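Each chain carries a letter (A, B, C, D and E) given by its place in the written order, and its residues are counted from 1.
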Amino acid sequence: MKDISFSMKSNEVVAILGINGAGKSTLIKCLNRILSPKSGDIHIRPHWSNLKETNLINISSLDLVEISKTMSYVPQNVATSFPMDVFDVVLLGRKPHLSWRISDEDRDKVSETLRYLNLEDFAFRKFNQISGGERQRVIIAKAIAQDPNLFLFDEPTSDLDLKNQIQIMKCIRKIIKDKNNSKSALIAIHDINIAAKYSDKILLLNNGSIMAYGPPSQVLTEENIAEVFGVKCSISSVDKHYIRVDVDDEI
Amino acid sequence: MDSISLQHVEKGKYQLLIILGLAVFTLLSAVFALGLGSSSNLDMVTSWKIVISDTKKFFLNIDTVADNLWYNLTACISSSSCEDRSLLHGIEREGTNIQNAIIWDWRFPRILTAIVGGIALAVAGALMQGCLGNPLVSPLTLGVASGAALGAAFAIVLGFTILSIPELAIVANAFFFSLVVVTIIIQLGKIRSISAESYILVGIAITFICGAIVSTMQYFATDAQLSQLAHWSFGSLSRPSGGNVILMGLILASLLPTALKWSWDLNTLSMGGDEFAISTGVNPSKIRKNILIVSALMTSIVIAFTGLIGFVGLAAPHMSRLIVGNDFRKLIPCSGLFGAFLMIFADTLGRTLFAPIVIPVGVMLSIIGGPFFMYLLLRRGGHH
Amino acid sequence: NYALKQNTDETGEIIITDSNGVKHYFDEPPSRVAITNTYAGTVMRMLDINESHIVGVSGDFSDEKLWPELSKKPMIQQSAHSEIDFEAILDSRADIYIVFANNGMVDTGGIREKLEPVGVKVVALDFYKYDSLRYEIDVLATMFGKENQRDILFNEFDEIESLVESKLVSLEDSNRPQIVMEHHASLTRDPVVLTGTSQWTDLIQRAGGINVFEDLPGHTTHVDMEAILDKNPDILMFDGITFDIGYNRYDDTGTTCETHMQHIESRSGFEELNAIKNDKMLVLSGEFAGPMMIHGLPTLAKYLHPDLFEDVDSESYLDAYFTKYHDVERIGKFVCTT
Amino acid sequence: MDSISLQHVEKGKYQLLIILGLAVFTLLSAVFALGLGSSSNLDMVTSWKIVISDTKKFFLNIDTVADNLWYNLTACISSSSCEDRSLLHGIEREGTNIQNAIIWDWRFPRILTAIVGGIALAVAGALMQGCLGNPLVSPLTLGVASGAALGAAFAIVLGFTILSIPELAIVANAFFFSLVVVTIIIQLGKIRSISAESYILVGIAITFICGAIVSTMQYFATDAQLSQLAHWSFGSLSRPSGGNVILMGLILASLLPTALKWSWDLNTLSMGGDEFAISTGVNPSKIRKNILIVSALMTSIVIAFTGLIGFVGLAAPHMSRLIVGNDFRKLIPCSGLFGAFLMIFADTLGRTLFAPIVIPVGVMLSIIGGPFFMYLLLRRGGHH
Amino acid sequence: MKDISFSMKSNEVVAILGINGAGKSTLIKCLNRILSPKSGDIHIRPHWSNLKETNLINISSLDLVEISKTMSYVPQNVATSFPMDVFDVVLLGRKPHLSWRISDEDRDKVSETLRYLNLEDFAFRKFNQISGGERQRVIIAKAIAQDPNLFLFDEPTSDLDLKNQIQIMKCIRKIIKDKNNSKSALIAIHDINIAAKYSDKILLLNNGSIMAYGPPSQVLTEENIAEVFGVKCSISSVDKHYIRVDVDDEI
């Protein structure tokens, strides 16, 4: 992958689309310093800081705690057999912000997030004893409790049922769109309709570089989709923000 | 506050209560142990009377105590033939000289060593098992023990010492070499990769290399040297003097808060592995390195004085886990207290059960701790 | 071949230097002594030191036949080698504590560090090394003012030694038997042989034999079985503690020695060795390596050179050792041969 | 065949070649070792001459050999004073009696023990590390060593033996007790839960309990018994006779195919854990149990004769992994061959380097193997 | 969960739908003996055997090798750091069928499956060094190579891109529909449209029991979906086999 460069504004949700192996996860992990690029550097100019426009920060110069205060990450899979209370898992999201004691505010922030994602009943269940979709939501709750400026989600809706898919995406959107904060989200996702419905911009990766970047209606054209994914589809506009992609490839 | 938060606070309080209870219990057993011994002219009541009266006098005459301490320090530095004064020198005492010596010079440092050693080894064990994610790790694996043995061998066989005070030469060597070996392991482990397994493998290799060097030295050692080496490595709580153990305690106390603070990071690491940790602001390689260094420090300061005591560091964390669960915020303090309690219990039983026959603390720990560990394991297994 | 270095200075102060090179000062002979090994007890008997001075012993003195009084004294620890109960020593109010100096299983330095500050003198003496035996006896004698007894004892030693020496003066080197002495534990693993620094090598030399492995380092060492076959020794010797022989011990089943020797004989290739061909295998009990070593010398010498010592009643020296010093009849088995 | 399949077959052939190469190399070093020793009247050329001529005679006079063997077996059963005949009894030999004894009665069983022991311990190590998923596991953890020590202690201290042949009493006890202890561990481990960690924890507890029992017995032991016990546990290849080692070899040979077959199951388990294994038709709890039993068998039959040899079982599998990778289909045979080679090399060096002094094989293994292990670790680390 | 009972015919694809935590994974794992029920038994009457209709087999009486010959399972997540060649991972699918040697037929079967799922290029890559979607396909390939009578898939299309979702589902259908074999598939899935499009029957779980079981067009009614998932949706029939569900809950 080479010469990827794009800009996100605050209060914006950006979806990354691309085929399997396109490098979506890799891109997200590089931003997060989970991976370091073999060659080359990654620079960011955070929209949430008040640095001058021209100032680029090299990711590898940042401290991990620093990064985790400003970015939170939901991985594609979390497998664990460690029996930890769901409440404590979400509380881990507060970790970058505390030095020693857990304050009541932290606890309340966690409780609030749990309620927000309808996880009240699971608060004192063990994380390794809940279902796949429940885990996914707990990890998302942890990411939200982390209160970052940039959310990095790798397939947040996989494993979620119909209703939870919608609710989670709505929650995320609501948090991002809150004008009091300058937050944004970068979401790697395969469900093209969810991407179209809930994101402001779409980053379409193809062959290791950006093929298109812009609002869904511009990026998700029949030609682009055919070129990237190799499927035929029809696109219909549902209302002015929202298009729907229907894959036509017959049974 | 939110009702869920309240529930969480409640849970936390309950856990704190357990920990406090364990602490009080450990303290009580220490006081009880202070009154037990094989001496025929010193029963438990007399012992406690002396302990209480001396403690009172210590605090009432704190200026005299300070004077004596000052005298010890200055005299020891200025002249080589430094004759330590007791801290209550010049104050009329309750017990006879022999009684005072037994209580304050034998039992007190011994019990204090049990507490400090138990806490240090068990906490180091919990930290290392956590950060390497391996239930077979103990503070004595990964080079600390073999480094200490190497240091002792250097001092005893080659006469190479880093400190020239004869009483402390072996101890200092053991301490210093175990840190050196651990540093080497950490450096080499990092070259290879930062994973836990990498540290373990490098640790195995270095342990064998140290073992080979010690064996080679033993070939050139005299009988006396061999016996000294064997005796050094054999675990016993009787070696450190009161001064030594207070020093050990201070070092331990300065390291414990860090150890407790790492419980968050260990929880994160155990929860989701390296990637999850990084995204939560925990640097796995840094944490592993720091934990290894601190546990090595804690362990080597203890075993340099006491020799090798294996049970506490390996089993106390597992036993605590079976009692209080996996959460490191509880696990670390509980392991420490549990380790201290086990050590006091085993050592006191060992020196009083068949007095004047002393059963070594390591043997006693296995005799008491082994079956108890088994009981805990199977109890849990029942309703699992 | 020994130098008496102890002295009593003008003021009457007794100054001794123990086998660890530590100096001790006494105003008068100690009256409260704690001992843990039987060698020290034996030497005290040899010097006629009153046993009532002993205020604490270890479990090693439990044989009531040999130690009728000491076995009843307060016990301060389990054995000479076991961990020390400092409270019990203090409790016995001993002035001095006599301990091994260089024994493989005793941490003399550690004990000294603990006991010296509370006023118990730790005197380190081994009594099982030929080179230092007389020196150590002298230390004890000086400490208790038993110089006369010492001189009598040393005269007796000299007599025995010169008897053996005189018989061996004309011995050609080629007539000295080549001896391999195996450590008892050889049964289980690679043969372990006793080497030059072992007290046994001194005894073998004095008795007119050659320890073929005396140049090897260490006290005991593992050797290749090939090497023993290669050396073709005239005599195979074994130290005795495995065999349950010694004072008041008879090798109860009567077979330990025999089984052991059969086992050695059946080793492959051993049937070609001189020692096996000529039935020359010897087991000596543990006493021979203790303060009895000089009284035992004639026994070993007679075994090595039966013709030269034909007229010597080696048994009488052993008898004398027990009747004279321990005041008991010599009972038990002390030597096994093929 | 499909081109992808062909590629897979090619890869497999290449790996087989490596394994065969290692096997030939090990065999050659065994032959070379047969010619080395401290004996002054037996140089290498003479040794080989004897070896070749005797081998020839063995096969040319196979009927006489069979007669002798038959005589040995019948005579030994019918009469108690069984005097073994050499297999070439009655045939004129090349070397002198002593030369023959040295080569066939001392060197040959010793080298064979090195091969059999090396293979058994290393394969057992690879199997156990695989099925418990823990790099610190070795065949001596999980009760085998402590069981063997317990058996030896029973025989030596209490005189309780399960076999009355005196030469084999301790060996049989060690063998039997280690199996008993492992069985207990497996049974208790299953009660708790079937996870690998459960076995490890129960193993730790039982090890401490066995250690406590042995220590207690040591308190009642005489000096002679103590030193016999110490010497028993000391690793050495000289103990087994030719007959013993051939028996060991046969047992090992009967277990090896099973071990090799498990490589599939171990791959499955390591690949995706218990769930994945079950869905591939592998029963994790059964596999773990069977592997533990078979490795315990392999290990205990060896250490009952040789005493404790730790390096091979722990490090040889790791070293092989660094050379041939994680796939158990290659790892298990490679570990075995590598273990055998290491043992031959270390033991031969140990008995010839400072002849006639024998450096214990365990020490020599650490001296040679430790640095080599380190080299392999860091070499891999370089381009990782 | 209690009293679940349903029958599948051979050559049938059955999708299990239900909310997060409904028990889909649990149901599949119980069939597979990965989990054993705390109380009660599970009986099957395999359509592939020639047992009499009335003969029920208790799962817990079957040997695991037996089960793995007749059922293959794709779990919701496979996390591993074990560096194994993709070819060898798929070869593990052949394990239940071989006793000792890998035959050329087994190898060819693996190669064929890899080609079938477009995984040729990954054959000698390490499994722990490929992307999430690629892994998912490898595990599916392993399940196919296992050549069972009943496929158990837990979210096979999560992590797959548009094209691969379609391809995988088509491949599965093709295998099932091959009349020469008597195979069937049970698929736990959240994507309601994929379920509708590629399955013959749908098993709708609600509150621990079966709410509806039958062809998609019967089960996927607006009322059922509203009741189970709590979302409003509109259903349109695309052609006679195939209905489309559109979630209407607005952004």
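The rule is simple: a contact is a pair of C-beta atoms (placed from the backbone, for glycine too) under 8 Å apart; a residue touches a chain by one contact, two chains touch by 3 or more.
Because the structure is predicted, anything quoted here is derived from the model rather than measured.
Set against the Cα centre of chain E, the chain with the most distant centre is C. Centre-to-centre spacing of chain A and chain C amounts to 82 Å, using the average Cα coordinate of each chain. One finds 82 Å separating the Cα centroids of chain C and chain E. With centres defined as mean CA coordinates, chain D is found 41 Å away from chain C. Here the CA centre of chain A is 46 Å from the CA centre of chain B. Residues of chain E found to touch two or more other chains are absent. Each of the following residues of chain D touches two or more other chains: 219, 359-360. In chain C, the positions touching at least two other chains are 78, 217. Two chains count as a pair here when they touch; such pairs are A-B, A-E, B-C, B-D, C-D, D-E. Those residues of chain B that touch chain C in the complex are listed here as 37-42, 84, 98, 101-102, 105-107, 167, 219-220, 222-224, 226-228, 230-231, 236, 238-239, 351, 355-360.
Interface of chain C with chain B (complex): residues 59, 75-78, 82-88, 90-91, 93, 101-107, 109-110, 113-114, 117-118, 197, 217-219.
Taken in their complex, chain E has these residues touching chain D: 29, 32-34, 64-69, 71-73, 75, 78, 80, 82-84, 87-89, 92-93, 95-96, 100, 104, 107-108, 110-112, 114-115, 120, 123-124, 127, 146, 152. Contact residues on chain B toward chain D in their complex (touch as defined above): 134-137, 141, 188, 191-193, 197-198, 200-202, 204-206, 208-209, 211-212, 215-216, 219, 311, 314-315, 318, 359-360, 363, 365-367, 369-371, 373-374, 377-378, 380-381, 384.
Listing the residues of chain B that touch chain A in their complex gives 1-5, 7-9, 11, 261, 264, 267-268, 270-276, 278-283, 325-327.
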